[in-house]
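Chain IDs A, B, C and D follow the sequence of writing; residue 1 opens each chain.
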């Protein structure tokens, strides 16, 4: 029994990636989650849903089955880790870890009896399955790497976001002051003008709100030219984060092929 | 008395950040300023303001009280600094420093009697409180770091801005020449065409102005493809500024490979 | 005969670029393909096409002739390569290589008899000539370099694209939930809301779809501010790819500081 | 006379920037050109022009005077340079250099008698004064630095531009094929569809053209997500050009302050 539990634990463990079966399982789970999300997205298209309702139901049954079995097995085998050694307390502690909670919430709503419930509530519960997206974090290295880069550039991103909000408030207040009288419906208060500010500074520019007075256009153009640099910063910061992350990996084993010494140190 | 003054001075001094109380105070001021800005923003929403007018008033009273006390204490303790040693002249000099003027203007308008004044003037004075945003510079390291990066990349940003203006004028003049006759209201003069130029080159593209003639569309597409690179430059420049700022911090303990001494110190 | 075949083979071989005639031929083919594409583009303008129909036909005849002759010569001379030495099997193998298939498809449709065919089918076949664009890859170093950069940054680009899709689904689902009732036609299902999501997160912002409820605008602004960084990432990643590609070229004659040998060669 | 000519030559010479008068002159010329451009821009605003017609005329007289005198002095003193030593042939050669031709064309149209000419022609001649913008290149270091960066990144920019055009053609052809029937006026030919392509891929998104069919929206979203990276590349490339330009300047004199040796070489 112990051996079996250990085998299953190793199977789930992402650090034992040398096993081919483990890698196939990881990829399979990613695909399953992807189709789950696709199902949630397509179910909201009423005409499509009503036609294939049965298939959606069977697919949901299958998915919840897989997720439930995986959850139980993980809970059962977690005692193999030193950290969660205790059969009861360790398992409880493990069940309260973020990734296990995400796993739990991704299939639990299915077991809640919804008979006689409000239709809108049922629909909201259905949407709740989008939560399964976060399960992807367990299997996808891509999302983990992005998360690492975001973490390493946390400070710069916070600075940028904070400055962006300050700029947004200043720009919107200015525009409110200028355009208030000519377009009271769209610029009648600072919160209203902030919709213009957000749409302009992100350069989305839907075209539902824009300055119409001469002064408003001059100031608006100035704000746009000066401000978009700040709102476009995050992309540049994250890109340089990727670049330095990669460089770090490469510099780790930079050894001269002739003499076997590190090329980054001087003799 | 001297000891007390010195203690208060140290409390305000951002270089003595080892004190926990100092850090709590800094954070508290940031939060207070944030809610002040929120209040100014929400007050412009007439229906909301009229309902909670009393609370807005009490919050303003409290804020101005805190700001006034802080201002007086700062002015009183500034003589602890060698620079502003003289009790009268030193204090006057300190009061005229930019950050103290910002502090002063952030609460002074409250004490101006506005009874019998024009309502529009009162509203403008109310908006003036947005000025308190600039007080944030004193407590927020984020804004200071961004300011440092902008300063270090000043030259490139000036080059970019100057070139952008030159491009904007050229593009708008060209478009004015092409679209003048088919859309006299929107492209009837170069200043008018510059609204199109600003909206297009920043890629905001509201959709209120766009070329309609065949030639105008061809040239407009060319200008967009070639020009947006210039207007998007600031983001890239600032991002690389953040990257090199960080690198500089890391290189601080760089050692010369010839003599083994720190290259950043002078002998 | 052998000598002649070898001469033609060398003429086509891009690694023997020292020959001036070879370079002229390469450039000439690029120009010919460019005018072919231009022809396909202009032919779709009905009024223009019907007027110059004859010239379009003669140009097509000439182009197909050149492409056919080039194809036959390449097939004939490929046996000069060790890899495709066998007269029959080697040639067959060569004919099935991607670039030769592209070459074949770029002129083959011309020889298919279309008399009595559906006009729409003929039009689709005409558009098929855009396929000749891919022939450019053979002669243009620019496209090859871009392809190299994209390959070297493949991992980051996949991460970004994957995260973008995840964000798009989350943002659109949220917006569907909020705006569903006020704009059922535009936000009536998640797939419909994804059109808003794509248009907003890429900052295109046509203005045909945008949130109208207060909550929708607040959440929409948040999504835009936070999300555009992710969608703008590829540009930053590719740009840094170009930068490091160039650096690599410069580092090609790098010498190990310990033993003085080139670090890029293996002993 | 010779001494006087040499003094004037040195005054104009940008490499003798130690002279304060020279720097003042340079800055003055930049300001004069700026106001010239402003005049051209404002003159197109008919109501404004007709009111201040006289002032515009006097300013033009003054500017042309300054430009003419500068041109003559430059032509007279150019023989101080070894290159243009010959009094006649040297001066002719100098007069045909690009910057001297720009100078000439910036004031020559003023001397052309326009009496009895077509009003539209006169207007075009007036606009021609925008040409004076290019005179700025002589006095502005900003524009020169940008030009240097663009030159150093010429290859990457050409690659990007070329690939962008290829993508634009492919995307527009695809969209023409899909949307042709539902929106014949906007997508009725590939050149028409290219207006959509340019507006979308640059993320301007005016909103006058967008896909309306389901397939068109799906493909359009894909094109936007994948394509905007390419069109946003130039900004990233130019930004990294600025960064490496600056680094080059800094690395030129990187000497250890302790031992006086170059820190970039190994012992």
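Operating definition for what follows: contacts are C-beta pairs under 8 Å (C-beta built on N, C-alpha and C of every residue); 3 or more make two chains touch, one makes a residue touch a chain.
Owing to the predicted nature of the structure, the values given are computational and were not obtained by experimental measurement.
> For the chain pairs B-D and B-C, which is connected through the larger number of C-beta pairs in contact?
When B-D is set beside B-C, the one with more contacts is B-D.
> Taking each chain's centre as the mean of its C-alpha atoms, which one ends up farthest from the centre of chain B?
Chain C.
> If contact pairs are compared by residue number, which of C-D, A-D or B-C agrees with A-C in over half of them?
Residue-number overlap above half with A-C among C-D, A-D or B-C: C-D.
> Can you give the whole-Å distance between the Cα centres of chain B and chain D?
30
> CA centre of chain B versus CA centre of chain C: separation in Å?
Each chain's C-alpha centroid was found; their separation is 43 Å.
> Can you list the residues of chain B that touch 2 or more other chains?
Answer for chain B, listing residues that touch two or more other chains: 194, 203-207, 232, 235-236, 239-240, 257.
> Line, ring, star, complete or other: which one describes how these chains touch?
Chain contacts: complete, every pair touches.
> Report the residues of chain A in contact with chain C in the complex, numbered from low to high.
That would be residues 37, 40-42, 44-46, 124, 127, 130, 133, 136, 140, 142-143, 145-146, 161, 164, 194-195, 198-199, 202-208, 231-232, 234-236, 238-240, 242-243, 246, 256-259, 261, 263, 266-267 of chain A.
> If we count contacts the way the header does, which residues on chain A are in touch with chain D in the complex?
203-207, 236, 239, 266-267
> Flag every residue of chain D that touches chain C in the complex, lowest number first.
For this pair, the touching residues of chain D are 156, 158-160, 162-163, 166, 169-170, 173, 176-177, 188-192, 194, 200, 203-207, 210, 217, 220-221, 224-225, 228-230, 232-233, 235-237, 239-240, 244, 266.
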